[in-house]
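Just below sit the structures, each encoded as C-alpha cells.
Each of the next two complexes has chain A plus one other chain: chain B in the first, chain C in the second.
After this line comes the complex of A and B, so read on.
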C-alpha cells in the first residue's frame, strides 16, 4: 500500500516503514506503515475507523482508548508497529450487526453522554473494567475510568450507565433491543 | 502529532537488544511501555535515531519472591504491582505507588523498568526503591552488573545506566517480620505528577523500637531523593510523635524542590515535612499488623 499524503514526513531523514499484520475487530489487516505512525492514526487514517477519537494527544484524556489483546491502552501513545501480531478492538467492534453491546445500550438508556467525544474510549475502558470486575462498586467504577476525561456529564450518568451495564451483563440476554 | 522518524527494532532476546544499543552508540533508546518516551518524542524533547522495542523479549515480566529478595522483571506493567498478592501483602509500598502512577490505562502499558530508568524526578517508583534499598540489574556488552538504587539517580534524566545497557530486573531485599511500608502522594488531580510524595519502609524489632528505616522522596528535587539523615535518625527510636516530627523536619531539609505551578519552594518543603510524618505513621501501623 502506498504511503498516505497525511504521512509525508515533516522531519528530515529517510522514511522508515515496516509491514505489520494486525487483527482489528476480528478482521485481519496487512499494512505497511511508517515506524512513527501512532496506533490511533493507523486506525483513523488508514483503516478509516474514526470512532476512536484524538482528544489531547498527550495520553491524558483517554478519548483514544482501545483494547489491545483485551487490555485498555491509549492509542495515541503507542506506535502501530507495536501491535504487529496483536488483536485490537475499537468502538466499531462493540456491536454485533444491528445489536448493540450492553454497554452501548446502557450509555443510551442512562444518558451516559452529552457531546459524545469521550464515549468510545469511556465504553472500551468500561468493557475492560467489567470483564475484570463484573460487579464493581461506585468507587471502583470511578477509579476504573479515571484515565478517561469527560467535560460534559460530571460522570454521574456515566457511572449509572456502567452500573446498568453490569446488571445487564449478569442477567441472561433478552430477545433483542 | 507525529514524532520524528526513527529506525525500529523488535529484538527477541536481551543479548540482541544490547547489540543494537551498542551498535547505535547512544543514539538509540529502549522502548518498554513508552508512556513517557513517546510523549517526549512528539514534543521533540527526545529524538532517538532508533527505538529498541523490548516488548517481544519473553520472560521479562514477572513478580516472584525468592529466599532473599523480591524480584521484579523490568517489563512488568505497573498495574501488576497493584494486583500481586505478594506485593499487596508484604510490600504494600509498591501497591500504594501503583495506584498513584498516572491513571489505570497508562498503568496497563507503562512498565516498572521504564518508570525506574527514565530518570524523571516525578516518577513514583524510584523513591520506593530508595526506601527499600533495592538494586537494579543492568545488562550490557560486558555482562550484567547490579546497581544500588541509592547510586542510580545522578540528575534529572541522568542515571548510572550506560547507553548500551538494559535494566532487566529489580531486586528488593525480602521483607522480614516486623516490616512495614507505605507510599503517599500529594497530587492536584488523577494523573498528575506529585506535588510531593514520600516512600517509607521500616522494620520494628522485638523490643518495639525501629531497627532500620528508609525514606525516599518524589518530585522535590532534580532526582528522587534518599532522605539519609531522616532514615538514620529513626533507627533505634520508638516512633513517638516527637520522633516522627523530627524525621519529617529532616526529610524536608533533604528536599530541594523547584517552584512551579504546584507551589513555591517553602510550600513543597512543608508538604514533605507533613507527608513524611504521616507516611511513617502509616508504615509503623502496618509493621504492627494494621491496614
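After this line comes the complex of A and C, so read on.
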C-alpha cells in the first residue's frame, strides 16, 4: 500500500522570526532568526563559530555541546530563541587571546584527541564538570562526560586530560609551592 | 650543536601532536565548515520502504516551497547517464532510482535550496507514490529457489553474487576426518556501522573556468578524482578533490555515496556551490555497513591439542549491491588470514555473497578488509577447542603458535607473514594481568557459584596493502607516495598520497622525515588530501599509511640524502665516497668534527651547488611494498557476570600489541585505546538489525549504541617490538589491530564464565538479555 499523502504535512507553515539578544564568548549579538533555527545553526552559520560540531541531531553524541550560563547543553536540541538574554560559551571562547584554557592544554598534553571532531564538546562538558566538581574521581569523570561520544580515543586519555586539567586549575599559575 | 644532541621529534619520541593546535581551538576545517559565498544546500528524500516500485514522483509542491531551487530525480540523472554508478567492487549502484527502491533509507530525490532548513521543507514536500514489493531480508532465504530476484537489471536469475574459495578442499576434508577432535561452530558477526562522529558530506563548486572542486569527507581523494573523471567524462585535470579535516573515517569514508554525486550534479546545473551533509539517520541507514558474515567453521586437533585443519564456509550479506571496498582480486577481502597465528598444514575457506534489500557495503569497520571476521573466527574456535580438550586456552595457543624462528612464514592459505613472536606477546600479557592468580580466583569463584571468565585472543593482523602485483582498487595499484622538498633554510614541506582522519599524520610523518633528514620535526610541514598538490596515492584505510606512505617518506628522504651527500662532499672538499650519514648529519668518515648538517647542505643546494649538480633538494617516491605487514598481539579480558541480570562487566583488559618499530608511542597507544573501544562496541553493544519488512531498527544513536566513557573498560596496554624486515624502518601499522583482536577476547571471557552452562557460542553483541537467557534456561531446567 502506498503512503497516503495526507499523512505527511506537505507544505510547511509560515516561517516566523524573532529578534534575540545573546552574549556569545563575551560579545553581544542582536540577531533576527527564524523561530525554528537551532542554536547550533545560529552559532555555526550566523556567527561563523564553526568549532561547535554536529554529530547526530538527536542530543546523543554531544559534539555540539556549548555552555549556556555555564550549564552544558546540546545546541542541536535547543532553538536559538531559547538563549535570548543568555550567555553562551563555545570552544572559541575557551582561550584568552594566545593563552589556552587549562582544559585545552591538558587535551593536547595528554593526547586526549585524535580526529578532533568531538573535542570542542568534550572540552566544554569537562569545563562544566570541573566547575561543579573541581577534584573528580575517575568514575565521576567518566559519568560526567557520558553525554559525549568519542569514536577515536577510547576515552582513556580524555579522562587523563581532565584529571590533568583539574590539577592545573587547582595549582596557582605563578608563585606556587 | 653537538653530535650527541638528540634530534627533536625523531622516531620513537612521544611528542605531542602538531594538528592539535587547531582542533583544541575549534579551528579545524571539516567539510561542513567550508563556507563559500552563495552556497546552496542539498537534502535528500529517502525511501520509507525496503523494496518498492516508484509509481509516481511529483516535484511541484517542493518547487513551490520558498527557497527551493531544484529537485533532482533519477529520471534527471538518467538523461545524463548518471542514474547508476559503479561500486568499488565493479557492481552497480543507483545514484537515484528511476523505477525501484531497494532498501529503507535509499536516496530517492535531491532537493536543492538556499539554506538547509528550506531544503528540509522541500524534502517534506516531494510526493512519491510507492507500490511495495516482496522484501528479501535473510541472505539464506535470498538464495532459496523462488526468492524474489533483486538484481534482474543485471540479468541475474537469482540473488547469488559471487563464490570465492581458497585453500586445499580435499586435503582439509581428509585432515578433519583424521583428526581425533573436531569442533564446529556457527558464528554470526552482525551488521554494524562505523559511525564516525562526523557524518559524510561534501561541498561541490564549479568555477568560471569550468573546474570542479569538491571538498569531501573521503579517505581516498586521488582515487575518487579518477573515479569521478571516468564516470562523468570530465577531464581529470579539471577535477580537484580536497579532503579537509576528517572527523573519523574507519572505512566508512572510502566509498562514493549518492549524495556526493548529486551535489556535484547540482553544482554543475545551478552554477553555484552546493553543500550536502547527511544527518545521522541517513548515515546509519544508507552509508556502507560492515561485517554481516554468517560463518560456519570447523577446527580439528589431535588428542593432545595439536591443531590440524580449519574449514570455513561463510555467507556474506551485501545488501542490494556489492559496495565493499576490497582490493579487486579479493572479493572477501583478506578473510584468508583466518589461519591466524597457527601453522595449519591445511585449510579451506569459501565465501558466497548474496543480495538482500539492505543498504550496500561490506566495508571495513576499522579493520583491513574482513580481517576482524577472520581473527574473531579463529580465536573463538581455538578457545572452544581448549574447552573441548579441557586444556588451558593459553597453553593450547602456546603449544600451537608459529614459532619465532619460522618467519618469514608461509600460511596454509598463501600469505607470507613477515615477522612475529606470538608466544612473547601472550606471555607478556599473561604476566601483566597475573594469569595464574586469576585462574585460581576463577576456580574458587566457580565453587561458590559465581561467574567469572578469562578470555584470550592472540590475533595476527594483515595490513599495509599492498604489493602492486596483488593489490589494486578498480585497477589502481595500491602503492602510496611522498614528495619531500627541503627549502634553502633547511625547512621541509612534504606531501603524501594518504589522508589522516585523526591518526596524527602531520606529526608522525614529520617524525619519520626528522629521523631520516636530521631536521627537527618542528620544521617539517606535512600536507595531504588535496589532489591538486599531493602526489597520487590510494589513501588511508586498512592501516596502510605507515607501511606505504610512511615508507615512501623514508625512501624519498634517502634519495635526498644521496644528492645531499654529494653537496656535503663539495662543501667539505672531499670525495663523496668519504662522506657518511651519521648522527643525523654528513660527516667525513673518521673525522666527526668535519661535518655538515642537512640545513647547511640545503642552503648550498640553492646558493652554491657543485658543478654539474642540479639546484634544489627534493625527491618523490612511489612506494610499492614488497609484502604486507603482519602486526599481532595477545589480549586478555577478565569479566564478571551478574547472574541475576546477565550483565557482563569487563573487570580488566590487557592488550599487548606488536606493531614493529613505533614512530610515536603516545599516538600508537591512543590508537590502541580507540581500537579496543571499537572492538568492545560490536562485542557488547552495536548492531543494525532489520525486521521482516526490512526496516532498519537502529537508525539513530538512540538504538545504535556507541560506548560512552561509562561502559568502556579501562584499557591496560603493553607492547613487544618485532620489526618488519621489509619496511624501510621496520614499522607495521597499528590503527586497526585492537579492533581486530578485542572482540574474541571479550566473547571468550564471557563464554569461559558461562562454561558451567555448556554453551559454546552466543552471537554478538552480548546483551545482558542474551547472557541472562543462557543462565536461566539452565537454572530453570
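Operating definition for what follows: the second predicted complex is superposed on the first by the 162 of 177 C-alpha atoms of A that agree within 3 Å, B and C clash if a C-alpha of one lies under 4 Å from a C-alpha of the other, contacts with A are read in each partner's own complex, and residues count from 1 in each chain.
Convention: a contact is a pair of C-beta atoms (placed from the backbone, for glycine too) under 8 Å apart; a residue touches a chain by one contact, two chains touch by 3 or more.
Here the structure is a predicted model, which is why all the values come from computation and not from measurement.
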Touched partner set for A:108, first chain B, second chain C, both or neither: second
Chain B versus chain C, judged by how many residues of chain A each one touches: C
Partner chain in contact with A:146 - chain B first, chain C second, else both or neither: both
Which superposed partner A:79 touches (first chain B, second chain C, both, neither): first
Partner chain in contact with A:31 - chain B first, chain C second, else both or neither: neither
Which superposed partner A:18 touches (first chain B, second chain C, both, neither): first
Touching partner for A:89 - first (chain B), second (chain C), both, neither: neither
Intersection of the chain A residues that touch chain B with those that touch chain C: 9-11, 15, 34, 36-37, 41, 57-58, 60, 143, 146-148
Residues of chain A defined as touching chain B within the complex: 7, 9-11, 13-16, 18, 34-38, 41, 57-60, 62, 65, 71-74, 76-79, 81-82, 84, 125, 143-144, 146-148
For the chain C and chain A complex, residues of the former touching the latter: 16-17, 19-28, 30, 32-33, 35, 48, 55, 61, 64-66, 115-117, 121, 124-125, 127-132, 194-199, 245-248, 250, 277, 279-281, 501-504, 666-667, 669-678, 700-702, 706, 708-710, 712, 714-715
Chain A contact footprint on chain B (complex, rising order): 1-8, 10, 31, 34-35, 38-39, 42, 51, 53, 55, 102-106, 108-109, 190-191
In the complex with chain C, residue positions of chain A that touch it: 1-3, 5, 8-12, 15, 34, 36-37, 41, 44-45, 48-58, 60-61, 63, 90-92, 94-95, 100, 104, 107-109, 111, 113-120, 123, 138, 141-143, 145-159
